[in-house]
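Have a look at the structure below, then the notes.
Labels run A, B and C following the written order; every chain starts at residue 1.
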Amino acid sequence: MKKQHIILASTAVATAIFLTACGSGPSRFNAQSNRGITTTDDINFKDWQITAEKTVNSMLKSGALRRPDGRKNIVMISTVKNSTSQHVNTQILTNKIRQAILRSGLALTTTAVSARGAEDKASKQVRQLEGDEMFNQDTVQKQGTAIAPDMSLAGEIVQEKTRQGRTKQSYFFFHLTLTDLKTGLAVWEDNVEIAKQSKKALIGW
Amino acid sequence: MHKEFFKACFIFTVLVVFCGCTSIIDSRKQKRELTDAYKSGDLQKAHQIVSEECEDHKNSGDSIMWLLESGLIKFDSGDYENSLKAFEHAEEKINEHDERATINARNSGAESGSAMTNPTAIPYKGLYCDRVLLNAYKAMTYLALDNPDAARVELRRMRDIQKRIERQFSDEIERERKTTNAANRKNNAQTRKLSRMGRRGRSGSVNFNTLMKNRTVKKAYADSAKKSEKAYGNFMNPFSTYMSAIGYLVENNYNEACVDFRNLYRMNKNNPLTTRDFVTCARKIGANVPPELRKIPSWDYSLNDNIVFTIFANGHAPALKQTKIELVLPYVGYTGIAFPQYEYFKRFFKKIVLSADDKTHSSIPLADMDAIIAQEYHKRLPTMITRLVISYLVKETASLVAVQVAKQQGGGAELIAYGATGLYKYLFNTADTRCWETLPGEYQMLHFPIPKDRQLKLNLSTLVSKKEILIDLKKDSRFVIVYIRGLDRKIISVKTFEFN
Amino acid sequence: MKKSAYTMFAALVVVCAGCQNTVDTLENEQKEMKVNYIRSKNISTDGYLRDRLIIDSMNKATLPGGIMQAQVTIRSNRVGFFTELWSDITDEDPYKIAYRFNWLDLDGMEIQTANSVWTELDLIPGETRRLQSVAPNPRCKDFMLSIKEFDYK
């Protein structure tokens, strides 16, 4: 009888330890690694990274950013249209791309104009200081000095959802274009496809 | 004896605690104060009550119902941020139910809870039509918060759900019907067992057929069948389809809008508004116009520029109320089973009339929620009846066993057992009347070009205290959606969502 | 009794191995392309990966803007009866790997970009894939490729 009690007690303790071991406290991990949560319905950070990696490689390779006259192109970031059924912040993608454009040294990006107004409102604000007695007027930025963009980066993200039985699937299609604003022609276009699938458990909690 | 008694008390307490209060007081009664406030147009009071109730029912099985009510009341009272929070929370909870394993411990637990008590032990997951409207209202809330991009996301979710309802959920109901058939066979066997346990060796009992033959149930079944005759195909909701079309028109996507209008035409071939919308759209993209519609002229204005779409949300959606099915059974005597039945409400307004630029435009009925909800009720009724039978049998068996055990103990225990089991059966004889009560009973729609003076006048009939309501539009808006909520003799809110 | 058990096992093995598809390749023998091959220095710490994945070649090209592009050709070596059987049992078909390019500038400093993230790749047995990366700017001339078996780390 006693032996049984001991077995029972130790089983209970073991179970308790096992269940506690299932959880884990908060921890930091490398955002460049393959860790992180993957969900079928959403665009996870890894998906943004993969998309950015592929599009940046493709854009630099295309040579579309270069100008024959030696001057650097100015690129503005227009909108990446969200045609998915998730609320996403497409700036994660565009910011990664604009940073790569700038770092390549082939072109410059502007923050003074974008599809949703200026990214950095300061370029406009400082010009309102003209005539402000507080400021040395020689140091105030003059009107007509900002440079207008030559190119614009835009795109669209499309999501297609399918379900069959317990399996559900999402297909994300990221499409990006770089348009020469002078001619309105696309000088570079590329897309990245990401497909995800998950199956609902048959038996569970 | 004492031990047994305490055990019984303990189980009883556990049941009450875990099943939530709707297992004893039906939700229609619980919500009376709220719905009275809402229906009398006292949105401030309704807002306050619903906020408190949501907090109280945060973790109960009824939380989705409270959140839906909360979202809509807050939307009507113009508290968009909190409305969005409530809707979002409800959506999260619904999705959480969807993501559960096909066979999962929580659902099985709820089913056994429902057998021991009543169907309210099963968490409320919202009707299919609730899910569609949830995203439709979320879209409008985002419009109110001046975030059209997010509104488009919600419209896309709404379309996804609608698609799933058509394909998947009708299968789900079919599957449920099959499981209930199996359960019914098991129930019949148990009924016979129960009869053998009865005092005189024989006892009258209940099965699926006795209940379906009952007058009240039969009437409810027939009523819902009659109401759903007006429904628009398989779980279709013309209002959400129209919202989807508006979403496409804003995006300048006539192709997809035309698909929606074609579906609307299929749902109701006699609706003058949607038919003409369909014809206009089809001609614009060069698609085929059905021969019977060739004579119908297109609208003489653009459907996606300089236009006002007006949605009139009219009256009250049907609400479930508890009815006791009275059964007289041999040897057992009188038995009452609580049964949920829809109550339909009359609508005060037939239509609304808006004047713009000295022209009057009246609204045209688009979606009759009575029919849409009745259709779903009708399809779910057999499952509901089966659950009632299971619950009845489990409770009866438990009581019989308890009484017989008590009899063996002697010393008045039998009397206590009779009292206790009687109380148990009485308390848990509650119908599942959970539903989204603040929804309108009907959606009407109209559209016309934005007037030059950018002012609309809502003309009301003489029976309403206010004779007219003026709606001013912004100077530069090119696309306007007006949402008017009308209750009995009152217009409780007028909202305009405008964009360029 | 024992004999039939052996036969059953053998049959199962054949069936399992038969389930797996490998990739056959065919290419023109006389090449038109002028490939700028690079000699590579390989440091391998994962014996399994070394056996399963073969690095065929590395080559580079300079794009018009002076930007360098690198390409590494890899081939999955998971062919052969027992290898295929094993990868079938362990559910490692397709073989999942992750790779990352790091670019170094003329001073040997690493340049962090959107490209320096671990990227997943599925390989069917016998399949040849070419991993490509473009230098983040014209000053980057050297690179390093890291490859590992895919895991959620």
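The definition used in the following text is that a contact is a pair of C-beta atoms (placed from the backbone, for glycine too) under 8 Å apart; a residue touches a chain by one contact, two chains touch by 3 or more.
These numbers were taken from a predicted model, which means no experiment stands behind them.
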Ranking chain pairs by how many C-beta pairs touch, which one is first?
A-C
Quick one: point me to the chain whose Cα centre is farthest from that of subunit C.
B
Where the centres are mean C-alpha positions, what is the separation of subunit B from subunit C, in Å?
55
Inter-centroid spacing, subunit C versus subunit A (mean Cα positions, whole Å)
27
Between subunit B and subunit A, distance of the C-alpha-averaged centres to the nearest whole Å
38
In the complex formed with subunit C, which residues of subunit A make contact?
32-36, 49-50, 52-53, 56-57, 60-61, 63, 65-66, 96-97, 99-100, 103-106
Which bits of subunit C are touching subunit A when the two form their complex?
63-65, 67, 69, 98, 100, 111, 113-120, 132-139, 150-153
Per the touch rule above, subunit A residues touching subunit B in the complex are 82-87, 161, 163, 166, 200-205
Given the complex, residues on subunit B that touch subunit A span 99-106, 149-150, 152-153, 156-157, 160, 164, 168
